[in-house]
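Just below sit the structures, each encoded as structure tokens.
Next come two complexes, and both contain chain A; in the first it sits with chain B, in the second with chain C.
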Partner chain A sequence: MAHRAASSPVLGQAARPATRAPRQPRVGFEGRMMTPGLILLAALSIVPFLALIAMSFSRVRLLGGVALDVVGLTNWVRFFTDADMWMSWLRTIVYFVLTVGLEMVLGIGIALCLYRVLRGRNILLGLLLLPMFAAPSIVGLLGRYLTDSTFGLYAWVLRSLGYGGDILGSPATAFAAVVLMDVWEWTPLIALITLAGLSSVPQSVREAAAVDGAGGWMALRYIIFPAISNVLLVALLIRSMDAIRYFDIIWVTTGGGPADATKIVPVRLYETAFRFFDLGYAAAIGLAMLAFSIIIARTFVRLLDVRGLTR
Partner chain B sequence: MSTVTAARKAPQSPLEATSRRSRWLVVLLLALALLWTLVPLLWMLLSSFKNRTDVTAATPQILFAPTLDNYRNLFSGPNNLGPYIWHSVLAAGISALLAVCLGALAGYGLARTQMRGKRHLAFWIISTRMAPIAAVVVPLFLIFRGLGLIDSIPGLVLAYLTFNLPFAIWLMSAFFAEVPASLEESALVAGCTRWQAFWTVVLPLTKSGLVTTFILCLVFAWNDYAFAVVFSGPNSQTLPIAASQLVTQTGVDWGQLTAIGTIVVVPMMLAGLAVRRWLVTGLTLGAVTGE
Partner chain C sequence: MQWTVDQPSRRDVLRGALAAGAALTLGGGVTACGARGDAPRTAGGDQWRQYQGTTLNFISENTAPTAAIAADIRPFTDLTGIDVRIVTLELTALVQRVALDLASGRAQYQVIYADPYQVLAPYQRGLVDLRTLQADPNLPDLPGGVEDFIPAQLDAAGRFVDAGPVYALPYDAPTMIWQYRRDLFDKYRGRMAADLGFDPAPGGDRTWEEYFRMAEWFNKNATSDVRYGTGHQARQHDSLMNDFSNVLWSYGGTYFDNGKEVGRLGARDPGPCRLDADAAIAGAAFYQRLLGIADPASKTWDWDGVGAAFRAGRLAMCPNWHEFAASNEQVLPGKVGYAALPKGPAGTANMYGGTGVAISANTLPNERGAAWLFLVWATSPQTQLANLKSKAGGGTPTRTSVYELPEVRAAEQRPSQMPNMLTAAAVRQAWQADRIGLRPKIPMWNECNTAIFTQLSRMLTGGASPEEAMRSIKSRVDQIVARGWVA
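Entry: the complex of A and B
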């Protein structure tokens, strides 16, 4: 008995003696477990973060050893006055809204359809999930093959429907193409998450709705969607954070062209950093992108806290 | 209008009132979704078995004499794919393994700790995972150049850990949070040390979590292009780089490219489907638990 009483509060902070050991806050078992991972993570995140800040105020020289020449606000002034940059942000927002929006709508649609299928749902879902595991760069290259104006399968289909242009060669169609490639790859993720949400709606809730005469759209609008709104929000946030992380598809298909039509911010950053080797300016762009992603991360964590989705 | 008739009318299938017409609509929509999803993949697979003329025929060829030439050429000749595969396996494998080991330890600590500032810690970890690759690559490029880590497998492993490690910590902590603390308490009562309780009681219960975390980390690293294109050189180029290198000014060997594409994509699809049950948990970082 006494044994149990002594041992039960061992987990966590309560393990500290009630008398509160003065001064040195002893690192508990949990702390020791976290130490190796967190040290490495700090080295991999805080050091680069500080380097990024330093770089954004410098001109970076790479020849003859790495060196930073402090140039003050030059990169930032350029960042805020660069008209091309503003266009890139605008394009990024359009790209972001289109891809994530289409993925949400189609993903939810597919999930609702799958949900009605009782037999073979697992096999169907398994097949529909496949694009998610494909390397985005391969998706881009495959997209290039499919849309090639002389031998591409999709170009051929479009040609027989009356469109004969070069899909990746003209701005509007190139933009649509890279959006659709992203949609092809990531819609399954939304469908998967939504389906998990739908399956967690208790049978009794649906039955009650049916008994009350709520069918089809009514049940969806007033019963199902409210019940899975948290899950949908998680899907939206998860997808949003990755939508600006990955730009491989654009990089290997159009490289930002034609005429900058697909040059979203990360593509411009890569070009600035690794084609023109203007790493200082690239760092300024990177910090701005980071700010955006931190807002999303903040929302995600707050959502988990408020709705108690985990822990 | 009794409840009896309503109850009888309600079919067993979810999303009630499935009329015949709407059922056909569902079938039609799913067929379209399947077509949209699978045609590019099947076309890639098919094209990888086509010879040079069939693969760039103006009219798509569905019936053709299949050939293994593309795959054979990939593994013979000057640009052997072997080293690329090896680099991919090493970089992705080691980073996934390290991420899972360190992630399991740190994730357990994070799940059980009661320390002040736990939420800030959690936020820091998740925001590291969400940091845009482009913003991470730029400073890492400078640091790696200083440390001589450009064009090396350790460099790639470290680069992949920037996203795999926070992912693994966060996800493992979600899996550990599912394990009731009372189990460890009884282990402690039975005389185990904290480490023994972790190692012999908790860890075996999260085996599926460990496997899921490992596979997802593997997929993320294996599929990476953005880091590898900057950090890798002749001694460390990975498969996605090999694929993109086939795109040249003079033209593209689409037969070989679709063959590499197949080699890159198929193993990850199999690995991903192998952990399908835990995919939702994994890909939502534990925010949604599956089915």
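Entry: the complex of A and C
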């Protein structure tokens, strides 16, 4: 009995017409190698994402095991007609522009100053980077204590300068305070990335510009910035993605108040999901945040793509 | 016949090993998830030791009674052989954990600190009706029965809608009272009386209008002693709703029709919000005026913030939870007085913020029995008395019999080894049926509460008039109630 011969794929192939090309396996070697990773990705991202979509069209029950009652477009209609939610989006955009804008301006400025420092640059850089290593919730707590009107240092300084109000007690100053806390923490990251970019600008190019009579501003405008613009774009992308989901500092300092002045979308999302347990509506808000993040990320990636930096 | 056997390649061996490993891991995981043993039980013998060897998890807000119990859990372990692990969290985090634990169908936390408004009302179906355990002949009875608990507190903290089932036993009883600098009132009493035209002695007979005038007087005349006459917990937070509600009720305002009943037993559908009524708007207008002369930092304080400011000597008086007495007496010994809150045109109200301890309905039978033992012990008169004396925490008793003990009675006067008892006269008045302030106990309260304190915060920061704020709250609360609640 030629058991092996009958079951051998190699010999079996030989019996087929010679003109037929060998059949490609449906999943190639690379595909098989990627399978564990794809399964992990599906478990961590794709399945929750699909669950999130399903939840956004449902009312979620918790007791007796999680169950979804389909409610159609109710959550989405509420999302698009909720005036408070639109105000939160507006605040989020203002907050996003202010934090990322200030961090970019200050970070670049500090990096340019540091770049000119020849002695003790590493010590200065180390000191500068310290805020970045604190957890955002710790930064929030620090901010809260420093602005506390009973024992806060900043509150005392402002009082000596004639400011009688309470920093976290009025909408405008509370908003400014949480923006500044974020700027304090993350400006060093921009400075660090910019400094790395500045170090990569060839000395010869800068010397040539100087020989040609380019002053400080001209060299910055026509030599330095074009040379480091790609690095700045990456820094902008990193900070933007982070700023969209900003939560910790606001939650610790103001909890979204006063008068909702600091209630940006992530805070509202947290509240809807984990205080009101309205998980269906929270899923709709979460998906909208995801779409917003993708739009911002795609904008930056496209800019990088135009410059050929994604290849 | 000849059989040819392939030698497995190295890849085959690796693949096989990987598959076997994955299968084992998966199988083990599934078994581990599925297997859930009940606590051991020894039938017969001592009722208190029948569940020895069990481990219970108790999740609680970081409050004074739990701090005291955590510091002295040994007597319970010695009595029962049950090990109790206590997790303390800030209230919001506790509510999240409890909701997710109840959703999981497994009782990781068998004993739950059940806030009546954030746990009991929304998740009542997830809690055990304790009457079943009280009626079980194999389990010890509650000493003194449920009747020993202060009646208003048993209803508010332990029942929901139906007057029969008891889902939680009253465990702590923080109540808002008037806390004032006794030394400053003694110092300025004559001058204040002459300037204001009435005796400024704090007490339930004073009116909110008089409170306002006294605070204003301190602002103008006692700046060498205190910076402001009054301070409030008016941050955009639960505390703002609490602080405001005292004024609202005393002006005749109410959140819903039949407000006393909705507060005491609760309701699933409380009907339309009544904050647009004239009395509510008048209360809001007064509250806005009062905050206008209060310490400006009030808008950033919750109860801890105003408590810290008061102890720091910044304020002459403030409404706050009576359990702050213990810390007041540490920092300002003998200098603080306590009284029931002032009255308004329609009467007086003192916000009650008490909580019960409950058992998760996901518990298995023996776990449930063990949890009952803990509840009986934790709320027993002996434990409540021990808590009063505890250096680690304190709280205040929820049982009538404890207040009647001679040593507790004696502690109501200075010098007192139980500083929270210095507030006893004030809270005894505050807990009377016509004076206790009970916020609505409805399943969707958390969201309604957020709408209330957010709009109040708008009012206090100049973003809305009292009338606009009250109408805005009414419209939001009506929408939230109309959506209903699913748990």
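By definition in this document, the second predicted complex is superposed on the first by the 258 of 311 C-alpha atoms of A that agree within 3 Å, B and C clash if a C-alpha of one lies under 4 Å from a C-alpha of the other, contacts with A are read in each partner's own complex, and residues count from 1 in each chain.
Throughout what follows, a contact is a pair of C-beta atoms (placed from the backbone, for glycine too) under 8 Å apart; a residue touches a chain by one contact, two chains touch by 3 or more.
Note that the structure is a prediction, hence the values are computed from the model and not measured.
**Student:** By the touch definition at the top of the document, which applies to A:Leu192: first (chain B), second (chain C), both, or neither?
**Tutor:** Once the two structures are laid over each other on A, A:Leu192 reaches chain B alone.
**Student:** Between chain C and chain B, which one touches more residues of chain A when both complexes sit on the common chain A?
**Tutor:** Counting contacted residues of chain A, the larger count belongs to B.
**Student:** Mind working out whether A:Val97 is in touch with chain B, chain C, both or neither, as first, second, both or neither?
**Tutor:** After superposition on chain A, A:Val97 lies in contact with neither partner.
**Student:** Figure out whether A:Phe151 sits in contact with chain B (first) or chain C (second), or with both, or with neither.
**Tutor:** both
**Student:** Taking the superposition as given, does A:Met241 touch the first partner, chain B, the second, chain C, both, or neither?
**Tutor:** After superposition on chain A, A:Met241 lies in contact with chain B alone.
**Student:** Of the partners chain B and chain C, which touch A:Asp278 in the superposed model: first, second, both, neither?
**Tutor:** In the superposition, A:Asp278 contacts chain C only.
**Student:** Examine A:Gly165 and indicate which partner it touches, taking first as chain B and second as chain C; both and neither are also allowed.
**Tutor:** Second partner only, chain C.
**Student:** Return first, second, both or neither, reflecting whether A:Leu269 touches chain B, chain C, both chains, or no partner chain.
**Tutor:** A:Leu269: touches chain B, not chain C.
**Student:** Can A:Leu44 be said to touch chain B (first), chain C (second), both, or neither?
**Tutor:** first
**Student:** Is A:Val66 in contact with chain B, with chain C, with both, or with neither (first, second, both, neither)?
**Tutor:** Both partners.
**Student:** Which chain A residues contact chain B in one complex and chain C in the other?
**Tutor:** 3-4, 60, 62, 66, 150-151, 274
**Student:** Tell me, which parts of chain C touch chain A in their complex?
**Tutor:** Within the complex, chain C touches chain A at residues 1-4, 92, 95-96, 99-100, 102-103, 105, 122-123, 125-126, 235-237, 295-300, 305, 308-309, 312, 314, 444, 446-447, 450, 454, 457-458, 460-461, 463, 486-487.
**Student:** Under the definition above, what is the set of chain A residues touching chain B in their complex?
**Tutor:** Listed in rising order, the residues are 3-4, 7-8, 10-14, 28-34, 36-38, 40-41, 44-45, 47-49, 51-52, 55, 60, 62, 66, 106, 109-110, 112-118, 122, 124-138, 141-146, 150-151, 153, 156, 184, 188-189, 192-193, 195-200, 206-207, 209-211, 213, 215-216, 219-220, 224, 231, 234-235, 238, 241, 244-248, 251-252, 265-266, 269-270, 273-274, 279, 282-283, 285-287, 289-290, 292-294, 296-298, 300-301, 303-305, 309-311.
**Student:** Under the definition above, what is the set of chain A residues touching chain C in their complex?
**Tutor:** Residues of chain A touching chain C: 1, 3-4, 59-66, 69, 148-151, 164-166, 168-171, 254-261, 271, 274-278.
**Student:** Can you name the residues of chain B that touch chain A in the complex?
**Tutor:** 3, 6-7, 10, 13-18, 22-23, 26, 29-30, 33-34, 36-41, 43-44, 47, 55-60, 102-103, 105-115, 119, 121-143, 145-146, 158, 161-162, 165-166, 169, 174, 177, 181, 184-185, 188-189, 194-195, 198, 219, 222-226, 229-230, 239-240, 243-244, 247, 254, 257-258, 260-261, 264-265, 268-269, 271-273, 276, 279-280, 283-291
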